[in-house]
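Note that the chains take the letters A, B, C and D in the order they are written out, and that residue 1 is the start of every chain.
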Amino acid sequence: MSIEIKLDKRIASVEILKQFENLLEIKVDDKVYQVDLMHNDEGIFSILANGRSYNIELVPQPKPKHFTAYTLYDSYDLEVIDAEARYLRNRTGSAPLLSENTITSPMPGKVVKIPVTVGDVVKKGDTVITISAMKMESEYKSPMDGIIALIHVSEGSTVEANQVLIEIA
Amino acid sequence: MSIEIKLDKRIASVEILKQFENLLEIKVDDKVYQVDLMHNDEGIFSILANGRSYNIELVPQPKPKHFTAYTLYDSYDLEVIDAEARYLRNRTGSAPLLSENTITSPMPGKVVKIPVTVGDVVKKGDTVITISAMKMESEYKSPMDGIIALIHVSEGSTVEANQVLIEIA
Amino acid sequence: MKKITKILIANRGEIAIRIMRTCREMGIATVAVFSDADRTSMHVRYADEAYNIGPAASILSYLKSDKIIEIAKDCQADAIHPGYGFLSENADFARKCAENRIIFIGPSPEVIDQMGDKIKARLTMIAAGVPVVPGTTESVKTEKEAIDTILQIGLPVMVKASAGGGGKGMRLITEEKDIASSVRSARSEALSSFGNDSVYIEKYISSPHHIEFQILGDQHGNVVHLFERECSVQRRHQKMLEETPSPLMTPELRKTMGGYAVEAARAVKYAGAGTIEFLVDNDRNFYFLEMNTRLQVEHPITERVTGIDLVKQQILVAEGHALTFRQNELRQTGHAIECRIYAEDSDNNFMPNPGKIYNITEPLGLGVRTDGYVYEGYEIPIHYDSMISKLIVWAENRTEAIDRMKRALYEYKITGVKTSIKFLERIMDTPDFRSGNYDTNFIEKNKDILHAATKCSEDCEDMVIIAAYIEYLDRLNIALTSKEMYPAKNRWKKYTYQKNFERL
Amino acid sequence: MKKITKILIANRGEIAIRIMRTCREMGIATVAVFSDADRTSMHVRYADEAYNIGPAASILSYLKSDKIIEIAKDCQADAIHPGYGFLSENADFARKCAENRIIFIGPSPEVIDQMGDKIKARLTMIAAGVPVVPGTTESVKTEKEAIDTILQIGLPVMVKASAGGGGKGMRLITEEKDIASSVRSARSEALSSFGNDSVYIEKYISSPHHIEFQILGDQHGNVVHLFERECSVQRRHQKMLEETPSPLMTPELRKTMGGYAVEAARAVKYAGAGTIEFLVDNDRNFYFLEMNTRLQVEHPITERVTGIDLVKQQILVAEGHALTFRQNELRQTGHAIECRIYAEDSDNNFMPNPGKIYNITEPLGLGVRTDGYVYEGYEIPIHYDSMISKLIVWAENRTEAIDRMKRALYEYKITGVKTSIKFLERIMDTPDFRSGNYDTNFIEKNKDILHAATKCSEDCEDMVIIAAYIEYLDRLNIALTSKEMYPAKNRWKKYTYQKNFERL
C-alpha cells in the first residue's frame, strides 16, 4: 500500500515493505531504509536509522491529513495524499481551494480597521483591512484591481487563522 | 444526581446544584461551594473558590473509577461510587475483592527468589517471596499460618503492581 | 518599617510568576489578577489567590487601576507589584495606591512623573551633570523655531514628540530639503496621537550601542549600580537578546558610566530598582537616553552575574530596609546572556504568531535558567505581548556562554506556534555576534546570515516523511478502535501495525 | 594532545544527558548506547547516534564492556565517558579502552585498581600522611587475629570485607560478647559474596559527618581541590541531599582537609575528576574513608559555587590539556544545595516506586537547575536506579538557598509515581537542618518530623472531591462521544456540562 506525501514542494511515495514490532523496512521514493521507529500519542517520533538518532514532532493542522513537522533544524508542512485525497484532487482539478481574489488572515487576531465597504473600487496594493495581534498591527492589501464583493468580518471582531476576510471580484 | 466519592476513609456525597459554563454551584456533604472550575485532558484542574487558587491533578488508576489526586500538599486515593459500583458492592457484600490470604506485589519488579513450593507449611511471618526493583530487594512474608496453595509466578519473572503472586490456604 | 505579608501582582504571564517565586521564597502570600482571556494562564494557577478583573483588552482589565486597588483592599494585600508594562510607570496609579495605604513597589509618584516626561528627564540629567544626546532642552513650540534649532545642531537629527513613545511623532531627518516637511508631519502626528504638538530635537546617532545600567536605591539615600546590560540586538526597536558584561565596555568606561547612572538616580532620590539607558557610539561617547522606573524584562542577566535577587531587593526597599551592600562589594562574575523567546515568524518580518502550544521541552542543566509561563496545551492569547519566555545562560566567559546558549536553544522545543528560537540560534553563529562587534544595526546588517534557510539533510527529510506516514496510519486506527474509557497503558507504540504488514 | 571529536557515553538516564550537554557545547558528537528497556529513554533521543547493546539487565547491557568497545570502534568514537556507576570504576574496562586506542575519560587503570581495593587505598593514604580511621592496615586472615586486633583498637568497631562494598560482609560490633560471632558471620558473608574471606577492622565513628572533597588533576602533575560537599543526609546509606559549603566547615579545617585531599590525589598521580571522602566527627576530627575515581552524582553543587563545568574539565584533561587555574584562583561563591528526586515511597521505608510518569512540572526561575531524564508518559524501568532527577539551587547564603529549595520543591510536580519530593520539602523545614546542626543520624533522629502527614485543609479536600466528580462525569462523556479524528481544539474545558444541569 504505497501512499504519497507532500513535503513542502516535494511529493514522495512511501511504502512499508516489512515490519517486526518497531523495526520497519520502508521505502521512500527509491531509497530503502531500515528504521527503528517509536512514537507516542503526542506526535513525538524517535527514529533510529543507520545509527543516527532522529527526533521529529508532528502537529496536526486544522485541515485533515495536514501536519507540521518539527525536526531539530527546521519545520515542514506536510500533506498525506491518500486515495480519498487523490479523488478530491482529481475532481476539483488543479484549482486551489481558496480563490486568489480572497484575503485570509494568516494568524489569529482582531480586526482593527476596514477602510472599504462592499462595492468600493480598489486597486492592487490598496489596504483593505488591518488586523492586530499581540500589540502589532498588520495591513492587508488587495492582490488585484477590482471591486469589494463580500466582507465577512467587521471592525472589532476576532478572527481565526486562515479565516476568509474579504472577497474581491 | 448525587454521587458518593470515597477519599481515603471518608465517603462524601457530591451534587452539582447549578452551572453556567465554568462556574458551578456544588454541594459536598452539607457544604455549598461556588467554584470556578477549569480542567483539561491531562486531568489537571484549576479551581478558584472563595478567592483561593487550587491546583489538583487526577491520575486514573488501573481499576475503573479509581483515581489518585495530587494537591500541592499531598496525594489521596479516590473512588467514585456510582449506581453501578453500589450495585456491585451490595452484591458482593462487604468482602474485599482480594482475599486476605493472598500475597500481591505492591510495585512492579522482578521475582528474585521463591523459597517455598506448593504444599509447604508456612508460619505467619515466614518469607515466601523476594521481589527486586531498582536495585532494592524486598521480602514478602506470609500473613498467616497455613499451606502454600498456589504460586502464580516463577523466579526470574517480571511482575506488575497489584499482581497476585502467592495464595495461602 | 512595615513587614509585607501579601502582595497583589498587577500583571500577567512570565513576570507575574517570576515575582511570585520570590514572594514564595520570602514567605509572602501572592494574589493574581486575570482578564477573561487569562483564566488558564499559569500565573493564576501559581498564585495563592486569584481574582478576575475584566475582559481581555488590557484597557478593561490590567490597566483598570481602580478595580485592581479595590481587589487589593478586599483581600487585604499590603502591597502591589506592577511588574513591567501595564501600570508599572503610571504615576497616578502609584498615587492611588498611597492614598489607599497600599505600598506601591516602585519609586514615588513624583519620580515616575519627573522621569516619564522625556524633556523633564533630559533637564534632570543635565542638572546632574550626565551627558545627554545634543539637542533642545525645551520643547519646540513653532515650526520656525524647530528649523532654526535643527540647523544649529546639524544634520542628521531626530525630531521626537515631547509626550511621545512607541515611535509616534518621531522623524529622522538626514537631508536639508526634508527639514520643513518632516517637522510638520512630526508635529501633526504628535498632536493627533498625544493631543500635544510639542516636539524636541536630538542629534541622531547612527548605529549606536544601546547600553543600560541597573541601579538600586533605598529610602535612606543609598544608591548603587549593578553594572551594565548590552541591549543592541533589536528588531522593530524591540530587544531580542541582552548580555552582560557588554563586549564594548572597558573597566574605565564602566566606572564612568556607572558613576553617572548613580548620580542620575541620586538626583531624583530614587528608591527601588530602575534602569538608566544610554546610547553609546563606536568611539565610546555615551549619552543619556531615558530612565525606566521599573524592573526590566532583561533583569535576570544582572541577577546572574551579581547573585542578587532584584525582586527581593525591591520588596526589601519597599519595606523600608536599607541596602545591605555597598558599591565596592558588588562583583560582575562570569558572563550572562538572555534570549527572548517570542511567538513570532522571525523569517516573515517577525510577525506575531499566537496559537496553541502543542509540546514543550525546556532546556535544563548547568548554567541555564528559563523564566516562562506557557505550558503544553496553553493557547497564547492574541491580546498581549508575544514574548513567551526568557532563556538565560551563564558561563565563566563570553565564548562559553555563547556555546551554552546555542546548546540551550537547540534543546528548547516548542511546537504548535512559530517562535524566535531558530533565529536566535543563527545569531549565536553570526561572526559579528561571536566577535562582539555589533551595534543596533546588527540584524539589518546580517540579514543574509540570519534569514538563511537551514534545511536538514535528505535522509532527515525522508525520516519526516516516514513519520508522517506512520502518524497517518495510526490516526486511521485511532479513529476506528479507541473507545476505551482509560488511556492506553504505554504511550509509546510498538505493536500497532504488526497485523497489517509482512513481518521482517 | 589529541582533540576528541566523538564520545560514546557508556551510561544511561540523567548522567548520560548531562555529559551530552557539555559535549554539545564543546562541539563534540555524542553516541548513546541503550538496553532493550531504554529504547524510549531521553538519552537515546538526545544523542546524535544511538545503538542497542542488549537486554534490560545491566549485566547483559551497560556492563558489557566488549560490546561497548566494539560499538565505539565501529562508529569511530575517540573516547568513552563512563558516567558514574556501571563501568566507571572498572579498571579492566579502562585497560581495554586503552588497548583499543580509545580514550577512557577517567584516571588510569592502575589508579582505579589502587584506590578500588579498600586496604590498598588505606595504605596509600597512610603513606601520603592522610589521617585514616584507626584500624588494621592489612587484611585480617584468621578469626583469632581479628579478635586480638579488635580488643587492641577498642570497641565500637566495624568489621568490613576487604573486597567488599554495598554493606555485604560488614558488621558493627558494640559489645564484647558479640565479637566472636560477628567476626565469624562477616567472614562467611564476605566469602560467599566476594569469594574472599579477608576482612579489615576500623574504629566505628558514631553519627559522623560525611564530607567529601572534589579534586581535579591533569596529566602534567597539577592537582587542585574544588572545596567540600556535605553529604550527611542519607537514607539506607544512600545520599538524599548534599550542600556546599558544609555548615560544619571552618576556613582552617577546609584548608587542612583540602590540602590532604590534594596530597592524596598527588600520591597516586591522579588525572581527571575524583572525590576524596572523609568521615568527620562532631569535634571536627577527620578520617579518610575512600576515594571515588569518577564523577559523583552530586558534582553540580561544586559546579555552581565554583562556576567550573566538571565534565568539560574531564574532557580537556583527557585530551591532555593542563588545568588553566591554580588553587589560589578558585572561589566558593554563595551556597548550593542538591536534592535527589527518587521514585520511591519515602513514608514507606523508602521503597522504590517504578511506574509511568503522568505529568511533570519542572521548577524554573532564579538560581534553579534541574538535571533529569524522565518526561511525560515515560515508564521508569524497574531494572536501574530509582533516581529520576537532581534539583540544584544556588543562593547568596545558606538561609536563602534553603528558602529557594523549598520553593523549587513546592513547584516541582511529578504525578504517576511516588517521589521523594514531599520528604525533601519536610527536610527544609526541620530545625536541625535549618540550623545546620546535623550528621549522618539526621533522618533517624528527626523521623517524627520527617514522616508527619501534611494533609491539606478540609476545603482543599472538598476541592479534590469536586475534581474527581467532574473527571468522572467527563470520562462518561468521553466514552460516549469522542470519536473524532483530531484532538479537541482547546484542551481546557468549559462547556461540557451545561446541557445537563440547571444554569446559574
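FYI, a residue touches a chain if its C-beta (ideal position, glycine included) is under 8 Å from a C-beta of that chain, and two chains touch if they have at least 3 such contacts.
In this text, all values refer to a predicted model and were calculated from it rather than measured experimentally.
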Count the C-beta contact pairs for B-D and for A-D, then tell me which is higher. B-D
Furthest chain, CA centroid comparison against chain C: B
Mind checking the centre-to-centre distance between chain B and chain D? Centres are C-alpha means, answer in whole Å. 32
I'd like the Å distance between the centres of chain B and chain C, where a centre is the mean of that chain's Cα atoms. 48
Taking each chain's centre as the mean of its CA atoms, how far is chain A from chain B in angstrom? 46
Find every residue in chain C that makes contact with two or more other chains and list them. 40, 376-377, 410, 475, 485, 487, 491-492
For chain B, residues that touch 2 or more chains besides their own: 22, 38, 40-42, 52, 60
Considering only the defined contacts, which chain D positions touch chain B in the complex? 236, 343, 351-355, 358-359, 382-386, 410, 413, 415-416, 418, 422, 453-456, 459-472, 474-475, 487-488, 491-495, 497-498, 500-504
Contact residues on chain C for chain D in the complex? 17-18, 21-22, 24-27, 40, 300, 303, 307-309, 333-334, 356, 361-362, 364-372, 375-377, 379, 395-396, 400, 403-404, 406-407, 410-411, 475, 478-479, 482-485, 489-492
What residues of chain C sit close enough to touch chain B in their complex? 32, 39-40, 44-51, 75, 376-377, 485-487
Along chain A, where are the residues that touch chain C in the complex? 3, 5, 7, 10, 12, 14, 16-26, 28, 31, 33, 35, 37-45, 47, 49-50, 52, 54, 56-60, 65, 67-76, 78, 80, 82, 106-110, 132-136, 138, 158, 161
Contacting residues of chain B [partner chain C, same complex]: 22, 36, 38, 40-42, 46, 48, 51-53, 55, 60, 64
